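Letters A, B, C, D, E and F mark the chains as written, and numbering starts fresh at 1 in each.
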């Protein structure tokens, strides 16, 4: 009998995957002396309520991480989510409400917002490109051009934006790039070496720059081709040549502006490093009051 | 007798301050299996030369960090810097040349570039705003809106771009913000509390939103005022009121486009969170060859 | 033109992937007081030579790790490998020779041998099963039943023994097991959920216990089937049904004794948890002398 | 007045001593992407019950560690122990029942079982040898041949099996081995050096290979002798010579098969490296259901 | 309207700032085997009450840290503070009462007291010097001569004793010392270099050894002068010369005995390294009983 | 044939045992911004020589640790030891000379001296008490009252001072204290429990407060008695009663002033917590010059 429970949608990360990053960020801000300003001004018994508010519209990602930042300073803080990760906020919307001791709310504010604004910025950028290519069969994927130390979180933010993840690192899939082909002496030789060494659970993708390289690659047993820096016309021809036998991925300087035309070529994937290395942060603020 | 040595210019960070970040980033990319692609394709005895090349003009920051990434995998790699941190590169310029074993060059490439592109992006953005306000007496400073875990590096990148650093964290200076004033019950009371608690080596800055608040603040013993989200006209009036008795800092959504007008008001500082939370990465690539 | 360099064989791990494990192990042994015995007995200027000797025949894995243990105490020790990782040693063979200061050789001995004996035990066990199934088309793969904290090293040891690696962890491939099928309410539903969520670089394998389940699974788009705890006869029938459309993997209590019969069924893979959770260590010793 | 409370039996380890090992193991399995399979298939609201079941009879050790693995992903999971560490399970017995959110149960399963199966394997092997030498006065002790990083846990498992612990590391007791004697130039000289340096709370044991060495050692002030690789006849003679003045420990390749004969010689201790470097894991499984 | 809440007094540190130090200290004491004595003697069900008692009068600092040590072993222990950090205890006073399981109370006792006795020793020494200079306008400040790894805690202890903190580290203020002046070639040149590089939130202090150097320094824009190793007479003259334009700080071998005379010169600050590098620990004990 | 090499004297610690402590201390001082003062003033090409000089006579300990601090910032610094650990320095003596780049010498100075002054203070205090009891048969031992995080280093410093080490932690020896006796219900019962649980390499000491308790304890099989807070007369009687059958250790508030009288009672050991919790640091300075 079929289980009636629905399947998962955006799955939250286990805190294990980010709690060290949050602690490091707080310690980096606290230094050795803690929050000199709040410590001098805010009495221990002072309580407050605060709202995290979007100052611009966007797709939200990172509320659990923000919560962890507040809770790491004071486990007694109450953190109520109003707009969940993976949902859209309008300008002025409250994303979460925090209540409890005033001092840790103020001390953790910046660290919490630094995570949340960055991740929501990535989610928003992803969402916007996903929207631009709606109607095509293409999906948006991110790359390994992530912020050092934050890959798990940024890959999550891409999912929150409606995108998909390319490989997580060097050990979970093979991507044969131009430099590997140089070393091997050719596409076929590179693929052959990989085939002899890769485990059976490893997919293999090959980067090609020209249709000639693509033709060679398609003769081998591969799972995907990365079509690097091709014009829209060449991409369309490449997709035709691939003929659904392998996954086709367009790559190379794709921006929100160019995404739709590229997606219209019929490629399966647009991989966009810009999402994680250059998307602007979402503008957020913490509205604080002594009463709710 | 005066020492003839010149004073320092852009001072490199001790590796102690970033080597853990580099190791974490490499391990995040390597996972448990290492680089499946390079391990399958590149023989141990293969050697190569590679050049890190700017694909866009920019101010460079982070070459030591990039070097650490390569050396962390293979201490035998030779890394020669061609355009030093704090210097400008034109599109096409080689920033550094790496020679040695081919496999670690390819395995560390992405991690090294992730650091270098981000930091150079920040340096470039800083440089560009510094250029826009040339001729005024204003300096560009960054904020605590930095990438979690990378503050020391991003503050360095701002210096490489010709900017200055605001406080490094919560424990090295006092910045009384609107929320602190709410808790204290007023600007004067907040400053008073800080004066009774802060050590003698701690500077005190107060955020004010209006000229009335500024007037109150200027009656107290403070070092600087942060003029938050004021119009250019109000800023000019605030600068006049401060009359050089305290440092004046303009803040709030300053962008490259608005910087010049704000600087023209006579404020001492423009603090710009955008530099570290939203500046785009510099476009870089690694050009690889089996021979030099 | 084809590059004349040979492709890689057994690729050594970057020390980055094990140096923390080595340090932890040494510190665990050293405690707070260091080596009381050697410190009391061995004068600083005493030098020695030592040979790591196999007391039983086996396949070697872990010499780099052993070297790291010695070098971690004294970077001046000379460590010369005689029989490389991935090669076979006869009983009595010297695997490596260490020369230098006597005290660190004695203090690091146990930690070095603990790594080397365990990893060589895994490599030897793998090699022996690989030998037993020679002539069939099956390969030996390991599982996630590895020693906590040592997965990268144990996966390497399996490769040194001539085996292949299954997935490295939960994030590099999908393996739908019986419990997942229970939750989803059926094989097809489970696969469907995965197909909607998994990235394009992720392979999907499904565990089936019966031929009926296999029949259902083969109707879906999957990469491999794990045939769990089937008799040799059922396995043979399963292989026939799969008909090379998907990779077939036999699993469940496979031992050196049963491997050959299972491989003879035509399955592509034998996955053997025993290799990493229960294979005995290789018997090694350190032969020490004051002179070479 | 005497306290009526009974003395402790098998004392559980403080979680402080293993929680880092558990976190490392989970992170090693989770990687950067988490559990792709469970995340795709198991909805957040899905709950389940699971039983950890012994598939073979054995002595249990490590349930607290297994519990920590589950709780580390989800502190809300209920973990009820049915057969405590240090007790025996028959094949088919449930060791513990876990209830709560289904997804973290599935994601932590392998890590939890990896610890529990290894530690219970060691406990079972210890118990079996203890049983074989019942009736003699000998005790079973483990060595420093433990899995790197898991010494505290494996020493605990030996205690759970009814064995005793030899020293925990290089800093808690002196064991003068053959190589130390070589350096010192003789047994008496080695002991003398130790006597001049060792603190008063440090016991001293000397390894001897022959009865002549034993005779020399017995003239010195030592606490124990390690009789290395002696035949049963020689051991018996050694025990007679020691005449209860020092503790006698038989060592060198002792296996379950040879233990009884060796214990019958009258030695006080059998030290068995095999227990921790080569004992097979106990066969365990997680039986999962959506209802209890 | 003014907020009626009082301003903060001695502000407790967030546990984030010391919990790693506590864990390290406990692990350092527990080693790999845990508390052999308590584990052998104290049954799991045994409960107890214990009081931390001052055996000498003193100012208390570190009770939160001590609590963390007990709770780190057993979160179920109840820890009730009787005399808070920053308050004075007479000999015989109970500082805190701990109730719960007997074994973790005994196992954590030494680690907890090691922190508490050291920090209370610093607080007591600070308090005593503060008392000796009462009636003058001088404040007592500590230095960077703190115990490696414990700076945040020791700076807190100085505040608990009524002292103030000098800079927390090298990055939160500039202190130009004699050696820097040697490098720069003179006081004015050194200050000039700093002025060109230091951020606007950084205060600048200059060490001077003579009245001539002071005269030079006072011509520059600085915030404070450190008057190093001057006689009481010279100090008085220096204070007169500074004439309140800069903060004056006396430094160099100040002890409880010499503090009053130095403070009477009118200097603003007495900086005393002795507080953190040589103040004796406060004598404390844990009184344990099976009943409250 | 006897080995002609001399036996070891004061054995240096492996850097593995302190390098993390050094790194933590440097990072604690550097914060996120590094050394603002030296970075502003000292040009990269500036070189210097510096001498670490004793300003008071003392026994030296910790030069390797100090060297590690300098080398951690700049591996190219040359560090030459003039007076080795375990040797005495007169006031004015240079302990070491450092040459190389000026900036890291100045940046690491305080961290290096913080370690060296503390450890040398402990060594000096130990040496002084050892000198006071010369002529008796007593030895000076330290306790577990060490600085959290620095136990290995402080135990080393005691050895450098001519003292011996008591146990390193809770897991390397049994010390039955008064509270344990309370739980067990009596001395004999406590010892009995330990005897049934402790491994064969573990020594057992019992704390007794009275001669009656001592009498009871001496009937049991123990290695040492800790005679707590006894008068000199009672101590002498206790030593007579023990009659060399067990090691006798005097404990409880022993100071340099009381040590000689206590040692004259004939006890084997004086254990002195004061050495590590309250001994003053040795007064050291760094003399810096631009030329050697």
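Some notes on this structure:
We take it that contacts are C-beta pairs under 8 Å (C-beta built on N, C-alpha and C of every residue); 3 or more make two chains touch, one makes a residue touch a chain.
Given the structure is predicted, the values throughout are model-derived calculations rather than measurements.
Touching chain A and chain E together: B, C, D, F. Among the remaining chains, the Cα-based centre furthest from that of chain C is the centre of E. At the interface between chain B and chain F, under half of the residue numbers appear on both sides, which makes the contact a different-residue one.
Using mean Cα coordinates as chain centres, the one most removed from chain A is F.
Centres computed as Cα averages put chain B at a distance of 32 Å from chain E. Work out the mean CA point of chain A and of chain D, and you get 44 Å between them.
Annotation: 23 Å between the Cα-based centres of chain E and chain F. Each of residues 3, 5, 7-8, 28, 30-34, 39-42, 46, 107, 151-152, 165, 168-169, 171-173, 182-184, 193, 196-197, 202, 290 in chain B touches at least two other chains. Note for the complex: chain E touches chain C at residues 28, 31-32. Taken in their complex, chain D has these residues touching chain A: 23, 26-27, 30-34, 39-46, 72-74, 103-104, 107, 290.
Interface residues of chain D facing chain C in the complex, by the touch rule stated above, are 21-22, 24-25, 28-42, 46, 48, 102, 106-107, 110-111, 113-115, 117-118, 121, 144-152, 168-180, 182-184, 190, 193-194, 196-198, 202, 253, 274, 277-278, 280-281, 283, 286, 288-290. Within the complex formed with chain E, the residues of chain D that make contact are 3, 5-8, 11-14, 16-17, 151-152, 155, 165, 168-169, 172. Contacts from chain B toward chain E in the complex involve residues 1-5, 7-8, 139, 141, 164-168, 171-173, 182-186, 189, 193, 196-197, 199-203, 205, 223-224, 247, 249, 268-269.
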